[in-house]
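Structure in structure tokens, see below.
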Amino acid sequence: MFSVTVRDHMMIAHSFRGEVFGPAQRLHGATYVVDATFRRPELDADGIVIDIGRAGEALREVLGGLTYRNLDEEPDLAGINTTTEMLAKLVADRLHDRLQLDEPTAIAVTLHESHVAWASYERAP
Amino acid sequence: MFSVTVRDHMMIAHSFRGEVFGPAQRLHGATYVVDATFRRPELDADGIVIDIGRAGEALREVLGGLTYRNLDEEPDLAGINTTTEMLAKLVADRLHDRLQLDEPTAIAVTLHESHVAWASYERAP
Amino acid sequence: MFSVTVRDHMMIAHSFRGEVFGPAQRLHGATYVVDATFRRPELDADGIVIDIGRAGEALREVLGGLTYRNLDEEPDLAGINTTTEMLAKLVADRLHDRLQLDEPTAIAVTLHESHVAWASYERAP
Amino acid sequence: MFSVTVRDHMMIAHSFRGEVFGPAQRLHGATYVVDATFRRPELDADGIVIDIGRAGEALREVLGGLTYRNLDEEPDLAGINTTTEMLAKLVADRLHDRLQLDEPTAIAVTLHESHVAWASYERAP
Amino acid sequence: MFSVTVRDHMMIAHSFRGEVFGPAQRLHGATYVVDATFRRPELDADGIVIDIGRAGEALREVLGGLTYRNLDEEPDLAGINTTTEMLAKLVADRLHDRLQLDEPTAIAVTLHESHVAWASYERAP
Amino acid sequence: MFSVTVRDHMMIAHSFRGEVFGPAQRLHGATYVVDATFRRPELDADGIVIDIGRAGEALREVLGGLTYRNLDEEPDLAGINTTTEMLAKLVADRLHDRLQLDEPTAIAVTLHESHVAWASYERAP
């Protein structure tokens, strides 16, 4: 099994609903350092999983739709808790839709919210 | 599949039994930077795998029972080689016992013993 | 010259005033991974610059007054641009006031806003 | 499941064939920071997956056959695109051949080509 | 004293002249992860040392003139040993020329050639 | 001003004397990831501060005299608190003695004791 990962980041404001979140129910923010991994059992004819340039550009575009925003006011995120886990899934799904990969490729996304905490989501090919 | 990881550390003394360990048979020590990962197929009603605060607190308590100690003299570790692999399993098992998670959750623990070596253990849900 | 550094983090929302900031004029947020360095020409009688536990606790308290907040609405930050540079100075000054160090000690603070950008402020002893 | 990872690096020149590579079709180079992971369901009698010293030495020897070279002129790499993915497989296969592990052990190799991109290959036990 | 740092990277081939370099006299290559630091005693009216976006763009342009190349064949590098130290100075000087900063600003550049070695150059304001 | 840094590590046991150290008065241990920096105003005729291979070898030898030991029982450390600060000075002084550099070169040593704490010592040329 082969994989390729590219890293980028986004900087957002948001708040959480639910007592479990304690002080994070207040409006605050985060830098998410985002790792997007693409996984396939075999390489293509060029000897790659996916062109790193293409992968990086897709990630930058997906994050460009989220960064420098208050996620509490984004219409397409209304009614959902934008936890690190949920955002990892959102980024993975948007990468899948944008890339329209012709080969079955698993996509995993990790969001690092600090040097001591991160969350991931992996979708099947 | 979703996961959440929290990081903490412990600083211990110990020695190993067995020729394979060479100079590490002498009493020495290590800082272990410890990553504890919790993995579940679905998120809960709050949109999380586990509350990061709760996960971090559990990890701190488990490591609090090991840090600033000479593991060679800990009664409940008597007779075992406290290799990085063994300690990864010990931390994962203690996290499992302490958290009493109601949902089936896999726990993986990685102990970084330096910038060039680390070991992991993953227990099934 | 000796120094000791401790690391912690805070997660805040804010916005900037000034065209130079482009999209960062919108409400957004950041995780700042914060390194606080204490520098002295000589060690004390215990062989240390400052107790790491005490330094870490002071940093946690100072960051506790900022984290999980929207800095645009903090009364004591009214009218200032909370740039990474400005926040580095704010944290350094508050550490100085809180610690009341009896020896002349330089304090430097670095705020990492992502894996590709950070800012620092150093105040003389 | 247990694993142990060791890290080392190599510094090579090479070029790629194929329009997808854009400017990387020119002769250029890379530092690959290489992580070699060994994975087994159970520990051996010493409480380890593999001796870290032995794993590190094997990795150093395998990388020693590649580092400080122009891969475009290595006879045993003639005709293949030495992409990060391909090199990850090459290192994993050579580690497998060199170590002659008596227990079934999966080997995974990750090559970090920069702070924002890396690739991996995992071979089954 | 305030500073701001931005990080980017380049991937080059080169060789060294001089017995001290041992096997690095052969054509090989490196990824340099490059940190460019700008240092000033006071902030400007916007509360910054330099706009991070502008700094990052200048660094990307300077590295764009070096990356994906064989430095042994670059006319403007003819006759010089492109050691990590020399390249750190080259990048710092080119940043200075390109940015035409109106305030006296020290520029320091660090090139990380691996996870275990790096070199820096700092030019006075 | 130019500098070169090399990184290695050591793994030791020790304990501290003094109430300020709290639980670290017990026998425990640490991995120190050690960065040794060499600083000079000008490069030599080969375009370097110091040969990275030579610097790395010297650091490995100095750390080889400390690693895999209980520092409480080392005769030449008797009577001193082996704090991170003290050990940084010890490594810097031993590097100076071993390398016998003919040019005036400042040596700075940083010991990382975890992902959240480190200490440094810099000696003048």
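The letters A, B, C, D, E and F name the chains in turn, as written, and every chain counts its residues from 1.
Going forward, contacts are C-beta pairs under 8 Å (C-beta built on N, C-alpha and C of every residue); 3 or more make two chains touch, one makes a residue touch a chain.
Everything numeric in this text was worked out from a predicted model, so none of it was measured.
Student: Can you report the angle of the rotation that maps chain B onto chain C, using C-alpha atoms only, to the nearest 5 degrees?
Tutor: My answer is 180 degrees for the C-alpha fit.
Student: Which of these, E-F, D-E or B-D, gives back the A-C interface, meaning over half of its contact pairs coincide by residue number?
Tutor: More than half of the contact pairs of A-C reappear in D-E.
Student: Averaging only over C-alpha atoms, locate the centres of chain A and chain E and give their separation in whole Å.
Tutor: Each chain's C-alpha centroid was found; their separation is 31 Å.
Student: Taking each chain's centre as the mean position of its Cα atoms, how many Å separate chain B from chain F?
Tutor: So the centroids are 28 Å from each other.
Student: Taking each residue of chain D in turn, which ones touch at least two of the other chains?
Tutor: 7, 115-116
Student: What residues of chain E sit close enough to touch chain F in their complex?
Tutor: Chain E reaches chain F through residues 16, 18, 20-22, 80-81, 83-86, 88-89, 115-122.
Student: Could you list, by residue number, the parts of chain C that touch chain F in their complex?
Tutor: Spelled out, the residues of chain C in touch with chain F are 1-8, 43, 46-49, 51-53, 56.
Student: What part of chain C is in contact with chain A in the complex they form?
Tutor: Per the touch definition, chain C meets chain A at residues 7, 9, 11-14, 23-24, 26-33, 67-70, 113-116.
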